[in-house]
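Have a look at the structure below, then the notes.
Naming follows writing order (A, B and C), and every chain is counted from residue 1.
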Amino acid sequence: MTTGILLQIAQTLLAILLAPLLMGWVNQCRAWLQGRSAPPITQPYRTLRKLFHKDAVIAHDASPLFRFAPYMIFACMALAAGIVPTIANDLPFSPAADVIALVGIFALARVFLALAAMDTGTSFGSLGARREMLVSFLAEPALLMVFFTASLISQSTELPIIVETLAHREFVIYPSMAFAAVAFWMISVAENARIPVDNPTTHLELTMIHEAMILEYSARHLALIEWAVALKLFTYSALGIALFLPWGIAAQGDFNALPLAILALVAKMALGGAVLSFMEAISAKVRLFRAPEFLGTAFLLGVLGMLIHFLLEV
Amino acid sequence: MEIYWVLGIPLAGGIFLALWGCRKHAPEINALFSLLTLVAAAVLTARIVAEGPMMVGGEGWFFIDSFNVFLVTLTAFVAFTTALFSRPYMRIEQEHGRLNAHRLRLYHSSYQIFIAAMLLALTTNNMGILWVSMEAATLATVLLVSLYRTPASLEAAWKYFILCGVGIAQALFGTILLYFAAEKVLGSGGTALLWTHLNGVKAQLEPTVLQLAFVFLLVGYGTKVGLAPLHNWLPDAHAEGPTPVSAVLSGLLLNVALYAVMRSKVLVDGALGNDMAGNLMMGFGLLSVVLAAFLIKRQTDVKRMFAYSSIEHMGLITFAFGMGGPVANFAALLHMTMHSLTKSAIFFAVGHATQKAGTQLMDGIRGLIKTNPTIGWGLMLGTIAILGVPPFGVFASEFLIITTAMHEHPWATPFLLLALGVAFASIFGKVQPMVFGETELPRLSHQPALAPVFIHLGLVLMLGLFIPPYLAGWYKQAAQLLGG
Amino acid sequence: MSLTYHLQVVNLLAALLLLISFAMLSQRRIIGLVTLFAWQGAALALSTAIVAWSTGQHHLYYSAGLTLILKVIAMPWFFYRLVKKLDVDREVEPMINIPTTMLIGIVLVIFAFNLALPISQMSGTVTRSTLGIAMACVLLAFLMMITRRKAITQVIGFLAMENGLFFAATSASYGMPLVVEMGVALDVLVGVFVLGIFFFQIRETFDSLDLKHMEKLKEH
């Protein structure tokens, strides 16, 4: 039990610390693919340090919610990161928070972000909040469908058990998971404000979604939000790995597998980040009106995955 | 052995005409090949009548019994008379500049291939090959329907191809299901789709699968029969294609498609032991009869009108087959014959009439009796015959069907009578001015080839007055085979 | 789940076929559609070959080869050329918007799965569970045919339907007898050939391959 708790804390800390690194890696890859000279991989850490050293400027009309939101968002993301098995399958938190709770935690963070964005009453803030809500209300059911497919296979909604079923039992090809994987990829792209749904580097009012919401933030608040964004990307990547590439995650009580698990995690994350930036480089951002179609397709694939599970795998 | 001749002659004709069909005498060669096919079919028939059903080739690739040999003869006969009719008809079309020699070559070649495909569909013992040849028959006629290359004919051909393609795909699925059921009883391999083998073990076939298979087969082949609600292609294809093609489509192809349905029905009845298949056929048949009868009323194009009349009659035949039993089957077979002969005769007459008037619109065709009495009489008699006026044979078969329906399914009778009444009133009302109306047009300069019309109508009249005993016996045998 | 690995691969390919069917429904460009059609043929050929290998049904190899030659190489090549020659690779306009089409597609899939369930329970083949997918592919192709206006898209829909039927035959009963399969393939080939001629005729007459010009003949 104690080892479990230790592992749990270690995993959460690992996620918090490694998250900016993943972000840095994705940015670096993207710069390479676009033929620019890349910023160093540690750039996000420097940005965070810089932001933490600045003085925060807050609008006069801002309510306490505006100050409180970044902490809440960061806490939500840290909690979410703690639920997802990254290196070991030994998570004492998991019985208390399964995948459905995970979706809820993401939603909670999003609600605070949207409220904070509208709090100052700027037009960009509410515009961004509205768009974010549009995207997320479509992405959430799709994400649930993906989780349901995985849960149907493993007969459980707890991530460690899902990982246990997929990684440590007899190897079986699940066609339904192939559908779920594609759906999950699309949802992750949308939820993490990447191309083709949103562009993390743009500040063009016609297109931005996420950036529009955090325009009013500065200094440590902005740092926390940026960190939370990195954590979200990390959590989604870890989720993807846990659901679709779980091999390498150490089984319960298997300490000898830990070093290997860390290596596997780093390798898979690096690969995932590279693929993400590659996909971003080759695709164009779609108009906002197309986003529902994009996510509708993700939902459809999730549903198909479930149907296929019932047909082929029962 | 004759069977190979029956199939080989039209096939060879198709190839020959594809290569040398540009020559001047292609129409005569076409007719010659059709005649040879007819002779071969007659010899085959004589042999079947004398020796009973037979299986030919390998593991029994071809199977001929009373049911299909009668259709083989009918097909070869109508194909021959149509070839006779098309000889002068197509020549005039060419003179009018609607066709050139290349298209005529395409026409003759496709015509023979089409006949070959239909004969193969009728004689094959393999349900899979039956499907293949039905599809081949469709493909052979698609380019015939669009022969004139007018926008309307292209549209009709496209509709024909796509609708029948979809339909025939359903039939393929039905065939797959049939094979799936058969394979468990007969083992996998080529013999599991042979109809004779299937017929032998039909009681052991899985009912659930066959039920589903029949639905698909009926919808699939039913599309080609022209059953409502999948009949849309039929009027267009008939109206826009050359008249000889309309004649063979109506007179032959629809029969062959219905033949495919019947072969499936025999198997399904055996497996299910209930009336599911029959009821479905009755439903589709009745719907087609009623729908077509009311649509006839609204037609302005003469070929379209008779195409709808074909839907009506095919619906009636399907209904009769659906009722089952020796009398209804007998009546349906008789009606099949009568309809083929009469309808092709009508199309021959209509072809000449439209060629003369230069339009297919009924308002533009007037006073045929003055401009050309033979065409006028041919059309009038044909119309009277198809409407079921005694003493023509159609009356006999329709009478039999309706009395059987009264006896076994009284609820359907009012619908049938109403539909037949509506069809009668509308067709007669429209044909009457065409034949007897006033006209300024001069007499026809050339002599139309109307011998086929009067041969057909003569036969229909004869069969209405007197069915030779051997022919009646033959029909009865066929009716028996269909589960009487 | 006690299926051997190659059959799991067949299942995966079946799922892939379904996915491609959906992708075809959502595809907006004709060239993209042709490419997807080729991929569908490839998945079909591969799965047929795997079934042939794992069950020892040798005639399925021929059928797989036939699929490969006809539907992966010959027909897509033919369509590519046709699209280039006729210059029709603009956006295909669906009659119903694409998300709605997709939703209808989902309903069709559920319907097909339900329909296939009693049959696949009866089937003795190891690939029986894919029958539902085959039926779903057929229905989706049918949906594509009725919601698209361009002549070429309708034909690709028709051929995709044929793919689904082949797959159904393979999964329900290890394919049809060889002679039938050859016949079907011949028909399909001739059909595509006839259509090629036909496209040119349509194009010549209407100056477009859009079927909206072809709505003159109505039931009066």
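Going forward, contacts are C-beta pairs under 8 Å (C-beta built on N, C-alpha and C of every residue); 3 or more make two chains touch, one makes a residue touch a chain.
Being a predicted model, the structure only gives us computed values, none of them experimental.
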For this session: Find me the chain with the mean Cα position closest to the mean of all the protein Cα atoms on display.
Result: C
Exercise. If you tally the C-beta contacts for A-C and for B-C, which one comes out higher?
Worked result: B-C
Exercise. Which integer distance in Å separates the CA centroid of chain A from that of chain B?
Worked result: 66
Exercise. In angstrom, rounded to a whole number, how far apart do the mean CA points of chain A and chain C lie?
Worked result: 37
Seminar exercise, completed: So, in whole Å, the Cα centroid of chain B is separated from that of chain C by 31
Seminar exercise, completed: chain A residues touching 2+ other chains are none
Exercise. Any idea which chain B residues touch chain C in the complex?
Worked result: 126, 128-129, 131-133, 135-136, 139, 142-143, 146, 149-152, 154-159, 161-162, 165-166, 169, 172-173, 175-177, 179-180, 183-184, 188-190, 192-193, 206, 208-209, 212, 232, 235-236, 239-240, 295, 298-300, 304
For this session: Spell out the residues on chain C that touch chain A in their complex, using ranges where they run on.
Result: 1, 5, 8-9, 11-12, 14-16, 18-19, 22, 26, 98-99, 102-103, 105-106, 109-110, 113, 116, 129-130, 132-133
Exercise. What part of chain C is in contact with chain B in the complex they form?
Worked result: 57, 115, 118-119, 122-124, 135, 138, 142, 145, 151, 154, 158, 161-162, 165, 168-169, 172-174, 176-180, 183-184, 186-187, 190-191, 194-195, 197-198, 201-202, 204-206, 211, 213-217, 219-220
Exercise. Considering the complex alone, what residue numbers of chain A touch chain C?
Worked result: 172-173, 175-176, 178-179, 182, 292-293, 296-297, 300-301, 303-304, 307-308, 310-313
